[in-house]
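See the structures that follow.
Presented sequentially are two complexes of subunit A, the first with subunit B as partner and the second with subunit C.
Our next item is the complex of A and B:
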């Protein structure tokens, strides 16, 4: 037995982890999520922003990290637009702005049945995944007082909304009434900015000079009302970077906070989180979200219970328990072997 | 269960499974997926940078506003010199743009990094983390036990950790014992980093499995 455990095939461990992750996904279990002091500091910094404040959201990551950072981005944008905080978006990584566009307009944003009904009555397009029918896209429509599920070309009428279905809208923008997020007034996309640290130094000197034109209309950014009163980076109320490497949070702290004193918050991949913890202690970072756990805690703290972060935390916990068990078994085997050798 | 009919979902799912097959053992399916990923990434980055950086920031201004933007010939020249790296005979020319880049990076970075990574950190440990923290409770000052303990641990970790990397004195006696405590703190920080790494990797696995189960297989929970 001891020998078997000592030479245990790594694929058996993979299998256990795989089953440990699949079970809670299929079972739909949800563990409660509680906020940590690290996440609380982000929420506190955001709550200090008054309506009409401007936050610069920099997507400094690519699709390889979106499993951890995209849920943060969705929850952050939702929080900002709910609290009338204006958002200027940009990216130090080429794919970053595309991921912000996805978050605004095409990512699945899960909502409750009640919210689905409310949004549908407000004229928003609400999608539905009835149990066992996830493969095809279906959405809801109200026709003659009845709710109709539209499935590609055929129209299938149902009496009421399903309780056990999943409801979602595409993009954060769809959560709000038409005109709530006015381009140029509440939201501005500045697109990809090449140069990492150099761009941040340019922003410190002049925000319109660094960003030049917006990504949608190629018009000078200073021609939009959202930029009124914004000259240097100091005039921005907060920089929020979603970062998975260089350039990212480190550059924002060193050049952004270091040179202009702008408040910097960040969401980072779990792998890189320990490197930036000292910046929290020295308050160079006003707050930080670390990995999927950070995303889940932020969702819970801002009241977004249907977020992807929270859904991911139960399989995460299962996998961690399995890994901890294997570490304990490995150590026990080592100790028993050492004990028998000494005997 | 209703398997997706979308071609893009099928391609994503098959490539995901091909990459996962490496967990069993190295195989041609994994190699194919790996090569597709590398090739598609390189192609995408080239096209993206050409259309979003080189064209609008270099070629277009040089073509349309040459009289006012002639100085862009300098980065163009430096960029072309960088390509000389591919030639054995003229490879040395690539040293000029490299020297320029390294010089700019060092000049910009040194003062900022000293300020943010050394002075601010030292200032935080020295002035902003009192070993005994007091808090006011109903008009009376009380010791905040948790924060005081945490500040003391932080202080000890910094001092002993720094001493471990102090090589001007032999690590014997008191110095050796203190440095040994530093090693323990370092080990604990490596453990925390490992924990964070495991969490990150499992998060990626969860995301892919959610995609396979929900979007590809159409199993709704």
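Our next item is the complex of A and C:
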């Protein structure tokens, strides 16, 4: 037995982790999420922003870190547009701005049945995955007061919305009425900015000078109303970076906060969070969301109970417990072996 | 001259930036903006050089043939498909966002190919971490035992199940993160910063020349 455990095939460990992650996802049960001081500081900093404030959201990551950072981005954008905080987006990583575009327009944003009904009545396109029917895209339509599920070209009339189905819209924009997020007024996409630290120093000197044109129309950024009164980085109310490596949160703190004093908050991957703790303790960083747990805590604190972060906490809990159990088993084997040798 | 000119450029650029750092922002704003534009243009070219080099390496592998050439075919093909689709297809956008992202457009490939692939690659880490932790995370010494116990507490403190086991676990986990971890990390950062200053000085005054390439 001891020998078996000592030479345990790694595929058995992989299998345990796989089952531990899949079962809670299939089961669909959720654990209650409690906030941590790190997340509280982000929420506090955001709550200090008045309606009409401008936040610069910098997506400094790529799809490799999307499992942890994309839920933060979705929850952040949702919070901003709900609270009339205007968003200027950019990215220090080439794929970052496309991830923001996806969050705005195409990522699945899960909603409750009640919200689905409400959005449908407002004329928004609501998608549905009936229980046990993943695959072809289906959406809901309201025709003469009747709810119709549209699947490819087929239309099936249903009496009421199903209780056990999954409802979602595509992109944060779909959660709001037409015209709530006006491009150039409430939201501006500045796209990818090459140069990392240099871009931030450039922003410190002049925001329109650094961003130059927007990504959608290639027009000078200063021609949009959202940029009224914004000259240097100091005029931005907050920088929120979603960062997974170099060209990210560290540069925003050193050059952005250090040179202009702008308030910097960030979301980082769990593995890199300890590296930035000193900035949080010294208050150079106003708040930090760490990993999927940070995303879940932020979702819970901002009332987004259907977020990916909260749902991700159950498989993550199981994965952590499995890893801890394997470490304990490994150590028991080690101690028994050591005891036998000494004997 | 092949070495002297780059060394001189490095020295002058570094000294200029150091002096500008200590001068009033209004005095240097215009000059700085010009320098930053240079840096960003050079950065863009570095990206281009990276692409050219990547393609050169993979074209060579394709020419050489062999079992692994198939990966190079995939890379080159994917590169051209996504570049062309990006140039002609990216932009089906309006003020209200993406308008009709269809098959083979940049957005479709980004959402349905690149994002799942990269996400999958990163998620494999969980499996490797579990296996590596089982094999090597041993309480061999007193220090290793402290590390092990701290790791357990932080791992449990960062997930809701930790609170369910004992509601003090997240509190202890936060304490570990805020004090011992942040303290040790600060020390590491100060050490690294001093090292960076020393290496930078060596580069500025031309003692450290490995960035120029060659043997020197």
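In this text, the second predicted complex is superposed on the first by the 343 of 343 C-alpha atoms of A that agree within 3 Å, B and C clash if a C-alpha of one lies under 4 Å from a C-alpha of the other, contacts with A are read in each partner's own complex, and residues count from 1 in each chain.
The definition used in the following text is that a contact is a pair of C-beta atoms (placed from the backbone, for glycine too) under 8 Å apart; a residue touches a chain by one contact, two chains touch by 3 or more.
All of these numbers come straight from a predicted model, not from anything done at the bench.
Of the two partner chains, subunit C is the only one touched by A:216; subunit B is not.
Within the superposed three-chain model, A:28 lies in touch with subunit B and out of touch with subunit C [touch as defined at top].
Among subunit B and subunit C, the chain that touches a larger number of residues in subunit A is C. In the overlay built on the shared chain, the residue A:130 is in contact with subunit B alone; subunit C does not reach it.
By the touch criterion defined above, A:205 lies against subunit C but remains apart from subunit B after alignment on the C-alpha atoms of chain A.
In the superposition on chain A, A:283 makes contact with subunit B only, while subunit C stays out of contact range. Judged by the document's definition of touching, subunit A residues 14, 17-18, 21, 66-67, 94, 194, 198, 201, 270, 273-274, 278, 281, 290-291, 293, 316, 319-320, 323 lie at the interface with subunit B and also at the interface with subunit C.
Residues 11, 14, 17-18, 21-22, 25-28, 66-68, 94, 129-136, 165-166, 191-192, 194, 197-198, 201, 253-255, 257-259, 269-271, 273-274, 278-279, 281-284, 290-293, 311-312, 315-316, 319-320, 323 of subunit A touch subunit B in their complex.
Touching subunit A in their complex are the following residues of subunit B: 1-5, 23-24, 45, 48-49, 52-53, 57, 104-105, 108-109, 112-113, 115-117, 120-121, 123-125, 128-129, 154, 189, 192-193, 196-200, 202-210, 213-215, 217-221. Here subunit C touches subunit A in the complex through residues 25, 29, 32-33, 36, 39-40, 43-44, 47, 93, 95-98, 101, 107, 110-111, 114-115, 117-119, 121-123, 126-127, 129-131, 133-135, 137-140, 148, 151-152, 155-156, 158-164, 170, 174, 177-178, 181-182, 185-186, 189, going by the rule given at the top. By the touch criterion given at the top, residues 8, 10, 13-14, 16-18, 21, 31-34, 36-38, 62-67, 94-95, 98, 101-102, 104-106, 171, 173, 182-184, 193-195, 198-199, 201-202, 204-206, 209-210, 216, 270, 273-275, 277-278, 280-281, 290-291, 293, 313-314, 316-324, 326-327, 329-331, 334-335 of subunit A touch subunit C in their complex.
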